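You will see chain A twice below: alongside chain B first, and alongside chain C after that.
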Partner chain A sequence: MIFAKIKNNLLDPAYYFSQILGLLSSSFLIILWLYLSKLKLVQLSNIQIILYFISIYSYFYLFTYSLIDRLAARLATGSQSFLLSPKSVYTTLFVKDYLPILVDNIPLIFLSLLLVIFTGVLPLNKLIYFIFLQFTVHLIYFFTSVIGAIFQLLLNWGFISFSFRFIGQTWNGSYIPLIFLSGGFLSFALFLPIFYSGIPFQLLLVQDLDYRLIINLFVFLFISFTMSYLLLARFKTHVQE
Partner chain B sequence: MFKNRLTVQIIRAFRQNLLPENYPDTIREMVAVLVWMLSTYAFYLVLKESFPRLTELFSANLVVIVSSYFIVDGLIYSLLYRNLHELSQQISSAKIDYIILLPTNFQTYTSFRRIQMSSSIQLPIALILVFFLFKPTFFESILWLGSLILGFVIAYFFWYFLSLIAFWLKVDDKVSIFFEELSLVGLFPLQPFLSLNVIWFFFPFLSLASFSAYGLIYHSLYPAILIQLALIFVLYFLCRFVESSGLRHYRS
Partner chain C sequence: MIKVSGLTKKYYPQDTLSNLKRFFNLGQVASLPPAVHNISFTIAGNQTVGIIGPNGAGKTTTIKMLTGLLRPTSGEILVDQYTPFELNINFKKSLALFRGGYPNLDDGVIVRDQLEDRLNVYQQPVLAKNLYVKHIIRLSQSLSLLDSVPENLSQGQRHLVEFIASILHRPKYIFLDEPMLGLDILAISRFKKVIKYLKMSLNPTIILTSHILQQVVDLSDRIILINHGVIVLDDTPDNIIRQNTFDRQIKLHLVSRQGTTDIPSNTYVKYPWATIKTTKQSLEKDIDSGMKRFQFDDIRITEPSVDQIFTKYYK
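Moving on to the complex of A and B:
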């Protein structure tokens, strides 16, 4: 099914059009940072800047926007039968909602990964580490979206996905790479529930990541899983009542 | 007549948002918008701390740049978002048959049916910040506000034009997301685009708010307004042409 969807996408001209639109969205940030580089305010090469923003944007601009709304719709419309089914709710949400979005983005993710490897922006010895961090980030993203979707339903607050999207993009490294955060701003950002998503991409800019960022990533994984698990249980009870 | 209808709609939307059953939602949405505004100002503070040499971005200039963006963005989200956000998707999935059959203008009906007021909270805050921190003269203020309204008109025509692409390409809501993402260009100063000679590439998006901010900061609002008027002229006829061709294509 996954390969069939990828094949369908690749044969559809509209798919390329939408992906190019997605890529173009990162262009103004590339311009801003190339300007900072031109002024010699950052010690990053042009290729590093371009690939960093293309990679981080192509990963998260489509994801951040759509998954919470999609999960909320699934939980709302199919709530009774869906939640009572013996199959794990996580599996259903993952297969029916998360996987299609991931599959839509696979070609671009793959292409950006190839580019960062072939241009030497990501050293080969860091590749496994990078992929491992990405995998962790995607898991956290899934659990966080489940939390966001349940809050959206329980609080009747459609602005959850809005907040994730706009505030998230400002603070997950899409606007300013996390390596430039310091002092109070870093302490503040570490607590934001979207901050984690830019952590792996910092490997495209520096050789070694601050250990606090890695610790943060696993703390987020633990918190997001536990919270989503408890909230799903609460949501089931809420629906059955 | 159209202006009157829009005024009635705006007043009705305000009343609906303040009804007891809608009041909590309105407050929550406004809080979300305010948090986003704060987050954006904080982003500039981080840039300032990281790159203190970027003086042109900061102090009062920062207030003008960000506030100009928030005023246009507040108008876009209040008056256009609920209408145009889904237009390309509706066209792509062939769900506009009933609109075509209505005895009303396609463009007016699809563009100004629904209004949401929560984003309008951005307007007074942005205005207060500029008037108290930048202190423009009365005449400059009028020109600047006029330029921002022109920026909003450009946003409308450009977003509408992009949505109409869906008559030929199955783009779902991607064009709306693209427009929303690239309109964020207005949050940044004009200098990087001028310096790297890429201003033409971002031209429609920069004309939403960046030209107005630049014009106010450097006391050159007339060229900004002229450029915006020319762009509106081009976009107006482009929209008319693409709309009629698109509807013909759809009907066939």
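Moving on to the complex of A and C:
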């Protein structure tokens, strides 16, 4: 299915257009920030800037296509798809709703990573570590979206997906944490269970990809997975009632 | 074998507060009046059963309970040895549910790839080696549709391929809820061919619900009519039609206006047609009197349509 999706994408001219547009806008922001950094207007290293934009790009893509909306639609009208499928609910949601969005986004992430490798801004071992962190964040995003979708259905509140999208995009694309937090608060923020923009946010705060990132990620991965697992199990019986 | 006894289903309000209360067990929520009330029936293997009734009668609720999508408020359902709402993996593999108007293929992915994916999930041979699926595709004349994405197909075309997608794992129980919704007569004919092939090749139990009553009568071995959540009729289509069609109409195509004045009360003339309303018992007598009264060159004897037969049970 995923290869089929990639094949379909490659045959669709609109796909190339969206990818080129995405690449241009992302490149523009990277160049702008690098320029601002050169002018000493931004206190970030070049590595921080490049990784920051590579990581937020995939989230932007997911927010734009709001995974929560897709999952909510699957859990509501398509309840037969997941209740009667021999596959597990997670597999159905992951394969049918999450992966297609991610697949759309893969070429640009891939290109960005190639750029990082060829420009040598990050050693290979750090790059692998970075990719692993990205993968973990995406898993967290998936589990968090499952939780969001369940609450959207329970509350009959489509505003939830809008709020998540809005908060996520604002949080990702701005310096908000740095503006409102300083000193000890900043250090404390590093240990907060991360939300969507965990890596990008922390990349703005730390000069290096250190152990604090992985601790935060795993704490939040555990919380998001456990919560979504319990809620989903309850949701299955709830829709049968 | 499907065994249903004392089945009742009450829904709950779907507002935010009620949802949260129920979800987190925060208090009692008053249920709505029962959608299905104390129904019982047994369906032996290999039968095709049509479940009919007016809107809101409880047909879809019954099908949802039979497939495990809903949990009965009280009563018991056994499909073979399985209780549907427990959603045992073997139970899930043995059934197919197709609901007209509820897409089961995803947009953006070519139909053929989605069919292959499903075959893989159900551990069936791939499309190229799957004679059963290939034959269904041939019968439904949908080969040319497989290389499209679902959103590019017409409503009827999409409907057909989604139906195929739902039955390609050789299910033992097939549940069809409004399966012919939006199909034109050609598509309905192909659909019926597929159903006949399924009956022949898989010997499945088919539960069918539709508002197109003639289609249900054509396809079913037995009809269960539900209204206000209870079973009103449960018999073979032949028996129901025979026991309920006492009325007949004799239509004569007149060649002159002779005999069209002072006509009996059961006769209505709209020249050149004269219509005599009669019953099965008086048919011979009324044909005889019509022949004597009118000069005509054509005669038709009609019985009420299936829709007319069932209308009285829908009230």
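Here is the rule we use: the second predicted complex is superposed on the first by the 159 of 241 C-alpha atoms of A that agree within 3 Å, B and C clash if a C-alpha of one lies under 4 Å from a C-alpha of the other, contacts with A are read in each partner's own complex, and residues count from 1 in each chain.
The definition used in the following text is that a contact is a pair of C-beta atoms (placed from the backbone, for glycine too) under 8 Å apart; a residue touches a chain by one contact, two chains touch by 3 or more.
Everything numeric here is computed off the predicted structure, so don't read it as measured data.
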Per-residue contact with chain A, leading partner among chain C and chain B: B
Which of chain B and chain C A:Gly22 touches, first, second, both or neither: first
Contacts of A:Thr237 with chain B and chain C, given as first, second, both or neither: second
Touched partner set for A:Leu36, first chain B, second chain C, both or neither: first
Contacts of A:Asn8 with chain B and chain C, given as first, second, both or neither: second
Which of chain B and chain C A:Leu99 touches, first, second, both or neither: neither
First, second, both or neither for A:Asn156, with chain B first and chain C second: both
Common interface positions of chain A, toward chain B and toward chain C: 155-157
Chain A-touching residues of chain C, taken from the complex the two chains share: 12, 14-16, 19-20, 22-23, 67-71, 85, 87, 89, 92-93, 95, 97, 99, 102-104, 106, 108-110, 113-114, 117, 121-122, 149
Of all residues in chain B, those that touch chain A in their complex: 25, 28-29, 32, 35-36, 39-40, 42-43, 45-47, 49-51, 53-54, 169-172, 174-175, 177-178, 181-182, 184-185, 188, 191-193, 195-196, 198, 201-202, 205
Partner chain B, residues of chain A touching it in the complex: 12-14, 17-18, 21-22, 24-25, 27-28, 31-32, 34-36, 38-39, 41-42, 61-62, 65, 155-157, 159, 162-163, 166-167, 170-171, 175-176, 180-183, 185
Chain C partner contacts - residues on chain A that touch it in the complex: 1, 4-5, 8, 77-81, 83-87, 96, 100, 153-157, 234-235, 237-241
